[in-house]
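Shared chain: chain A. Partners: chain B in the first complex, chain C in the second.
So, the complex of A and B:
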């Protein structure tokens, strides 16, 4: 087990190297001169030269890359090119917000999606199945920002039950924190809910056709037990794969959701840095995205290993 | 087409999808005839009006007719979805086809790893960065979505080609001394078309969602051209006094995407019976 994880970690290193290199090179070819962005077009050549010197923009490319990597490894992500504040502080401030909302969204998606998928599979071809399919497709087709706006209108403006914007941190007041994160989480969670629904349904139908389910049936085990023990269990592995993909997609959808609910999360950080062409911020954010996606994939692999003993270290 | 209709009969959801898609296409094509008002004509005597006999769905903050803007918005959304997907398939399919046909280290280490890296990033983030770099407009949004979706088609076309290239008819064609390019176009492409068409319908649904999200963020269609995403953006400013401004465009996006998704699923059943 430990050997397996260690090998996977080793395999990650070259991917990380490629990604950091790619991020760095892409940032270099972006049009727009950061020095000009900071000082404006009125700046004197001397001032521009000074700021290039300070940002290290006049060094050769490989030196810039190496010093960036060195700094990242020692925990220093650099300073924002727009307001000169440390990038790591901004990220540490935003990360818990986005993590809390994403986990809540995935939880909601699982609670809705898995049981609904089971219902669809057990009532295959019937009205229940059609209804579940329609709900599943609807969840996939709903624009998250529209759901967010509808929730805001009904629950905040009309009924006044929940605050319409802002975020309360978990350690400050957990009830308030839940109140500020439930609407964003629902808006984010509906799409994965629909995807889980369809996936559980189809992989359960697949499993119900298999020999071991027929054997279990023949042994006289009740249909309910067979469904849950054999059908649902087999669908857990594809579910895990999709879960990791959806989690990554979720991290992207927070851009829109953060804007609507005024959340100080990752989405707002991305949106602002892209609009202002804040290169150091974008660079670090992309890196963090890549690392979290890789970590999620690693966790998924470990979970496979636990769930299905047939998967041995390749 | 006949076969399609026959198979659709037992599938109420697929039929519903087909109906929505046909309606959508008709609305987009005949927008100038269907819209009761000019979608960009302001009427300062009728700002933020609720639904009435004159304006069935109400008016927006400049007194423009919501229904007319929705009808014209169908054009922008369909156009964006269609062009983005055609672009993605246009970039992705040739690369995937060639890469899968010849294989070798270029395929393994360059094409595959590059698509791996690109697919690791959330679609919206990549599209956001691309539109920000190229300047916000409908065409850059379409190009950005097309580029971001290309790896999906590279992967799919490659995987399908890998299985087809080992078949006897491809081997026979090769033995007869046909040129590689001819074999790829005449023998491989027709046999990998079904999954690609299915993927195009699925991608088109999500492309419309991404385009509307970009327009919602102000990075897609620019005013005064009507688009569902940017109408929703305006609507968020008038939630108290005119909630319908945000309601209708969202409903339109939802119904359009749902229709394409349902249609795509039915298409899968018809074109690819192995799946069920």
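So, the complex of A and C:
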């Protein structure tokens, strides 16, 4: 197990290198002189030269890259070009918000999607199946922002059950925290819920026709055990692939959700940094997104390893 | 004077239908037989003749909503299985009647160890702790001739060969000492040496436990080795049924004769090559969707008479000493066979 994870980590190193290089180069190519951007167009040439010196902008590119990587590795992501505050502080402030919302969203998606998929597969062609298919289809086709606005309207404005914006942190007040994160999480999680539902339904239908499910039935174990232990258990393996893809996709949707619900998460950081052309911030955010996707993939591989004994051979 | 017989399973006029897009398919149409404790009945016939459907009907494992037992009785020790509720039937499966399937490569769940899969079969019917069930699983692996059973119990199916997996399947089937074992082509896909080992194993286990075996196969060579009685199926019906010696010595239905003629002679198959699938009879087995008028076999039959066989379905009749034949012309067929060298 540890050897497996170690090998995966080794495999990730070149990918990380390429990603950091790409992020770095793209930022170099973007129009705009950071020195000018910081000091404004009326700056004197001496001042510009001084700040270039300080930022290391007149060093060769590879030196700039190396020093950037060195800083990133030591946790220093640079300073915002807008207000000169450390980027890492802003990110550490936003990260828990986005993590909490995304994990809650995936949890909701699993809690809804998996049982619904099982019901769809076991009641194939019946009313349960029709209802599940209909819900699954709606979940996938309704846009997240629309669901978000609908939720806001009904649960906050009309019923007044939940606060309409803002975020309470988990360690401050966990009930309040749940209240502020439940609506964004639903809005984010509905699409993956629909996708999980359909995937579990179709792979379970396949599994229930398989020879090993027939063997399980021939043993005389209960129908429930046949469905869950043999049908569902083997369907979790394809679910895993989709889960990791959906998680990554979800991270991309936080911009809209943060904006609608006024959350101080990653989405807001992205939004602000783009509006204000805060290059250092953007660079760091892109890097963090890329690293998160890699981490998710690593976790997925580890989960495969646990769920599917056939992987150990390779 | 009938001899005392201990009949554990009796199938009486079984009818199994599938609803398909093209209408109802009568995959099994009026099959009857009796299975005695400690004895083996072989079910033979070409592909598509309804052998597997017969066995799945007995176990009530037909795909729900598609296949159903439409008529007849399936009596296990006098109880009609066709009339049981699903929870009652569940207690029969694996406990009273167990089954070994055709495909050892895909019949085990890939994500559990074989030991756990055997233990699951035990725990389905006995109040026993998981530890005790696992220990029994190891004993069962030893019984079916798997070396280092304690280690192998922790192996996953993909780590075992086809022959080993089929032994595991047999161990699962034996887990609760069933009175009837249904083996649906348990050796197809395995090479000849392994085939012989599996057959030996089944014979030995039958002697030890006294279970009855319903042995399904294409391979008449295997039938001669394994069976006490033989039932030949064609297009969902019984066409001949007899004890092994009379059936092999004097087959009375032209179809059975065709099957016999297609057995490779001893030694004719090269070492390590399994018997080829039966195909020596000209023509193909008709689709049960679209059976010919009259005797279902007449288009392929050398003895078919244009007047009778093409219009009338012959009855299954006793041609003497319980040798059942479904052929209007069996007497003539028998004569020609005796005249011929």
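As a convention for this text, the second predicted complex is superposed on the first by the 300 of 314 C-alpha atoms of A that agree within 3 Å, B and C clash if a C-alpha of one lies under 4 Å from a C-alpha of the other, contacts with A are read in each partner's own complex, and residues count from 1 in each chain.
Throughout what follows, a residue touches a chain if its C-beta (ideal position, glycine included) is under 8 Å from a C-beta of that chain, and two chains touch if they have at least 3 such contacts.
Bear in mind that the values here come from a model prediction, so they are computed numbers and not experimental data.
Engineer: Given the alignment on chain A, is it a clash or a fit between chain B and chain C?
Structural biologist: They fit: once the shared chain is superposed, the two partners occupy separate space.
Engineer: Spot which of chain B and chain C makes contact with more residues of chain A, would you?
Structural biologist: Higher number of touched chain A residues: B.
Engineer: Touch check for A:209: first (chain B), second (chain C), both, or neither?
Structural biologist: second
Engineer: Is A:305 touching anything from chain B or chain C once the two structures are fitted on A? First, second, both or neither.
Structural biologist: Neither partner.
Engineer: If we overlay the two complexes on their shared chain A, which of chain B and chain C does A:4 touch? Say first, second, both or neither.
Structural biologist: Neither partner.
Engineer: When the two structures are overlaid on chain A, which partner does A:233 contact: first (chain B), second (chain C), both, or neither?
Structural biologist: In the superposition, A:233 contacts chain C only.
Engineer: Under the stated touch criterion, which partner chain does A:153 make contact with: chain B (first), chain C (second), both, or neither?
Structural biologist: A:153 sits against chain B, while chain C stays out of touch.
Engineer: Taking the C-alpha centre of chain A as the vertex, compute the angle to the C-alpha centres of chain B and chain C, in steps of 10 degrees.
Structural biologist: Reported to the nearest 10, the angle reads 80 degrees.
Engineer: I'd like to know which partner A:19 touches here: chain B for first, chain C for second, both or neither.
Structural biologist: first
Engineer: Based on the superposed arrangement, let me know which partner A:103 touches: chain B (first), chain C (second), both, or neither?
Structural biologist: neither
Engineer: Once both structures are aligned on chain A, how many angstrom separate the closest C-alpha atoms of chain B and chain C?
Structural biologist: The answer is 12 Å, the least C-alpha separation in the overlay.
Engineer: Across the complex, what residues on chain A touch chain C?
Structural biologist: Touching chain C from chain A are residues 124-125, 209-223, 229-230, 233-234, 237, 307-310, 313.
Engineer: Okay, in this complex, where on chain A does chain B touch?
Structural biologist: Its residues touching chain B are 15, 18-19, 22, 30-31, 130, 133-134, 137-138, 140-146, 149-150, 152-153, 157, 248-253, 255-256, 259-260, 270-271, 274-275, 277, 282, 286, 289-290, 293-294.
Engineer: List the residues on chain C that touch chain A in their complex, please.
Structural biologist: 59, 61, 63, 65, 86, 90-95, 98-99, 101, 103, 106-111, 113, 120-121, 124-125, 156, 158, 169, 172, 175
Engineer: Can you check the complex and tell me which residues of chain B touch chain A?
Structural biologist: Going through chain B, the ones touching chain A are 12-13, 113, 116-117, 120-125, 128-129, 132-133, 205, 209, 212-213, 216-217, 232, 235-236, 239-240, 243, 246-247, 249-251, 253-254, 257-258, 261-262, 265.
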